[in-house]
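Which chain is which? They are A, B, C and D, in the order written, and residues in each are numbered from 1.
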Amino acid sequence: MANFKGHALPGSFFLLFGLWWSVKYPLQYLSQKVTKKSHKIYCFQRVDAIEGGIKIIFALIGMLAEQFVPDGPHLYLYSGENRDWVKLMNWQHTTMYLFYGLSGVVDVFTYVSQAVPQGLDRLMLSVAVFVEGCLFYYHVLHRPMLDQHIHSLLLIAVFSGACSVMLEVFLRDNIVLEMFRAGVTIVQGTWFWQIGVVLFQPWGGPMWDENDHSNIMFLTMCFFWHWAAAVAILAINYTLAYCCVQRCGRGSGEPYIGLGVRQQKCDTGSRAAFLNGSDEE
Amino acid sequence: MANFKGHALPGSFFLLFGLWWSVKYPLQYLSQKVTKKSHKIYCFQRVDAIEGGIKIIFALIGMLAEQFVPDGPHLYLYSGENRDWVKLMNWQHTTMYLFYGLSGVVDVFTYVSQAVPQGLDRLMLSVAVFVEGCLFYYHVLHRPMLDQHIHSLLLIAVFSGACSVMLEVFLRDNIVLEMFRAGVTIVQGTWFWQIGVVLFQPWGGPMWDENDHSNIMFLTMCFFWHWAAAVAILAINYTLAYCCVQRCGRGSGEPYIGLGVRQQKCDTGSRAAFLNGSDEE
Amino acid sequence: MANFKGHALPGSFFLLFGLWWSVKYPLQYLSQKVTKKSHKIYCFQRVDAIEGGIKIIFALIGMLAEQFVPDGPHLYLYSGENRDWVKLMNWQHTTMYLFYGLSGVVDVFTYVSQAVPQGLDRLMLSVAVFVEGCLFYYHVLHRPMLDQHIHSLLLIAVFSGACSVMLEVFLRDNIVLEMFRAGVTIVQGTWFWQIGVVLFQPWGGPMWDENDHSNIMFLTMCFFWHWAAAVAILAINYTLAYCCVQRCGRGSGEPYIGLGVRQQKCDTGSRAAFLNGSDEE
Amino acid sequence: MANFKGHALPGSFFLLFGLWWSVKYPLQYLSQKVTKKSHKIYCFQRVDAIEGGIKIIFALIGMLAEQFVPDGPHLYLYSGENRDWVKLMNWQHTTMYLFYGLSGVVDVFTYVSQAVPQGLDRLMLSVAVFVEGCLFYYHVLHRPMLDQHIHSLLLIAVFSGACSVMLEVFLRDNIVLEMFRAGVTIVQGTWFWQIGVVLFQPWGGPMWDENDHSNIMFLTMCFFWHWAAAVAILAINYTLAYCCVQRCGRGSGEPYIGLGVRQQKCDTGSRAAFLNGSDEE
């Protein structure tokens, strides 16, 4: 939907997922240091499955919205009389949602059956993000300069996200990659809102001059302010997760810090062993 | 051959290989969990050799077809009288087939001799795909917009395939990469057919307007529908392979699921050990 | 600040850090071969924290300079009366400094708390460098040819630096990557000075002809001479570090060379073991 | 030197190195399976040092040739009277040779001193190749179409070579990467000759029409024929190395094949262990 709602809807979806990930992954990472893993892991796997379900629901909402808004195609792809395609913009957005839906389905199957190979869920997510990026790339080609630029900035977040998720196929449960994914997703969400606000003035106000170069310079900078904000959010949520886990740790009677330190140590060792081949050993 | 047959032929080759891989690799992966490896691996190696042979045959068919169709160059590269090159299009396609043939040869040698280093077959395949991509990139440069766009979409599948095969040089027998390769190959096959249908109307019908932007928007979207279809095919074939392996597993009297679970567990452990360096250990 | 000072300031920051890293990392690498690690590592961690602090200070200096120079925006972003943005150039530079400041903050936290996952500091640094690159890319788009070219050469150093730091997230304490980072940072520093000299003639002299192609050819070559100089500096500093460590080694009474050799040997073995999978084992 | 000699000289250097590597690395790889390593490795390290020396000599020859040919700059960079740069083309070529010389120096030091970290030689070589690529990229920008295209094809070989050498920093002694490097280097050498022949007709003959698109199509294809030829050369040299090593193996009285098989097996195991994390273990 080429209007404010059409950008606010996906923006909210991405924002929700980004914020949720920025809480979940720190919790998972920190709690694995304190308590028994086996049980933790299992319950976190269940969480992944629920996540998949929510993805599917969001994707369905998005697809239905794109199809059945008043000015939508209502599932008509080609109109016979005037021999032309119907509302391809909406159809392209539907396709984007479709792939996120597929990614959700794979998440659920990964939880249900032991036979699904690990990493397939990450691969499917990465493909979904990549598809979103490609479709955006092609469908902003013939737009006014400002419109094109503001979307091309989005592509930075989209493609760097796709790459980092692709890496997770091989470096699973790497907290750094997971935090990066969370951050990029938050940026994508907030930037969708920004696009909607800039292009469609939901609360009135003057149109932006589409050909004023200084507007483009401002938006470039603004995009990275969103990024800085996302970093701040990640830091806050990580700290909250840390405090909460530490309290539980105390609750279960074992001092966390000490454990943390030891953990950290051997953790360092192991990481060095697997990746560096440096002389540390 | 710049006609429907010239696209249907390679399309069928890619489709056959893609479908075959989407059955073979899940079987290989799942069966390695159930029965003794040593023997399995050996027979799968033989399958690789046969694959190589088929590659060679397909490549030969393709090269002969490109050379000896009525309007082909018949092995003439340069015509003296009008001092010009002869049918360079066909010669370029011949070159593409040539590299797939070389890749087949390397596959066979890898099976025949123990001295051929592992991964060389993957490298050669990756180079072949990459060469196909480069040649396509250069020889659609000066075409009408629609023609250029529909081929550039093909390049997405070609180059992402080349990259994933390149990764297999270092991450051999990684089921996720193998599934991805199968998927990309299926997409390439079906998309070759799509190109043929769009540009040459084998079954009549009106020409597509080469400069209508909405046609280009539709084809962009359509390309990713092919991708979604490929994902569905992979899912179905994987499930079939799973059922069939499970039946055999039962046949040989050991309950599969239990084994699957255990397998999965240690598998997770090992993968974590090799790649994550996370705290899971 | 689009003047000589505006390029000399960041240039000096990068130069200082590059030179410091070209001394620190060789010392760290070589000393780990000779003396007990545990203690060494700890004191080097403290050094990282101090580095972070200096980063923060430099970033603050840069941001204040960009904001409060006489022709700066003095924190005004949008001027109501002439309805336009104020000094966006300075604001963009401020944003660049901001991200380096954030990277410094993460460095400090990594030292303070054991709970911050390893590699996050490298990720943040990589993001900071990447952001600098993106902002440069966009804000030289509409400049004269020479200006654009001399900045685009800078981007080579910036983006290759961002990639290598990104790799350090996964290959931490890899001396080769660290030396590369030091080299790229030195090049960036000297090149900033070069840009200032070429575009603003601090010491008078004739303007460079902005559209003379041979000027552009010379600067392209000159950029790589800076690179060669950086390599020479790295070599010299590495040798100095080696001599100094060797003297300490002798001081503590164990012959270094012998140790070096043994170290090197097993080091080779281990690196081969973790990464090659070659037949060396 | 913008003439035939100026392309034949570097072409011959690359060709010599490519052919030498296509013999050396198979010998190294195969002999490590048969005889004791320790000694072999040592003598191969000495070979690396000699290689470095030859690199330095070649680089010096190249630099002197570029500087002191009759129409060369003779070390003059800027001429005062007509206030212009002198022969920048030759200076750029000198810069390319310079970096290959630096790479040779690092090779020698790596052999001389145990303190030079492993992988630094590969990094320096990768940088040298990358620098060559960048300089070529910039200095063919404003040429006729044919000239630009034939050089841009060279860039494919140059940059893929730079990437593979960069990988060798982390995956040292990986025979697949080494073979790829040898192949790419051979292609680069033969293609330099091709460029010289096409642009300067050393043996007379008509000029090539610089704007005939079919010439460009032919050269694109021709480039990949060079590549196919390089693959054939690699295959032949690998076979020769295999025969020669096998004879030695027999000479030293232990049957090679058997060993080869065993080697291969455990080799597979180990590689799987370090990289795949597949269920093979």
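In this text, a residue touches a chain if its C-beta (ideal position, glycine included) is under 8 Å from a C-beta of that chain, and two chains touch if they have at least 3 such contacts.
Because the structure is predicted, anything quoted here is derived from the model rather than measured.
Listing every chain that touches chain A and chain C alike gives an empty result. Counting hops only between chains that touch, chain B reaches chain D in a minimum of 1.
Mostly differing positions are employed by chain C and chain D in their mutual contact, as under half of the interface residue numbers are shared between these two copies. Using the mean of the Cα atoms as each chain's centre, the chain most removed from chain A is D.
The geometric centre of chain C is 30 Å away from that of chain D, both derived from CA atoms.
For this pair, chain B with chain C, the centres built from the Cα atoms lie 42 Å apart.
Contact of a single residue of chain C with at least two other chains is seen at positions 29, 171, 175, 263, 267, 271-275. Interfaces, counted as pairs of touching chains, are A-B, A-C, B-D, C-D.
On the chain D side of its complex with chain B, the touching residues are 29-30, 156, 171, 175-176, 179-180, 213-218, 220-221, 224-225, 227-228, 231, 242, 257, 260-261, 263-264, 267-268, 271-281.
Across the interface of their complex, chain D is touched by residues 29, 32-33, 37, 84-85, 88-89, 91-92, 95, 98-99, 102, 113-115, 117-120, 123-124, 127, 131, 134-135, 138-139, 142, 169-175, 263, 267, 270-271, 273-275 of chain B.
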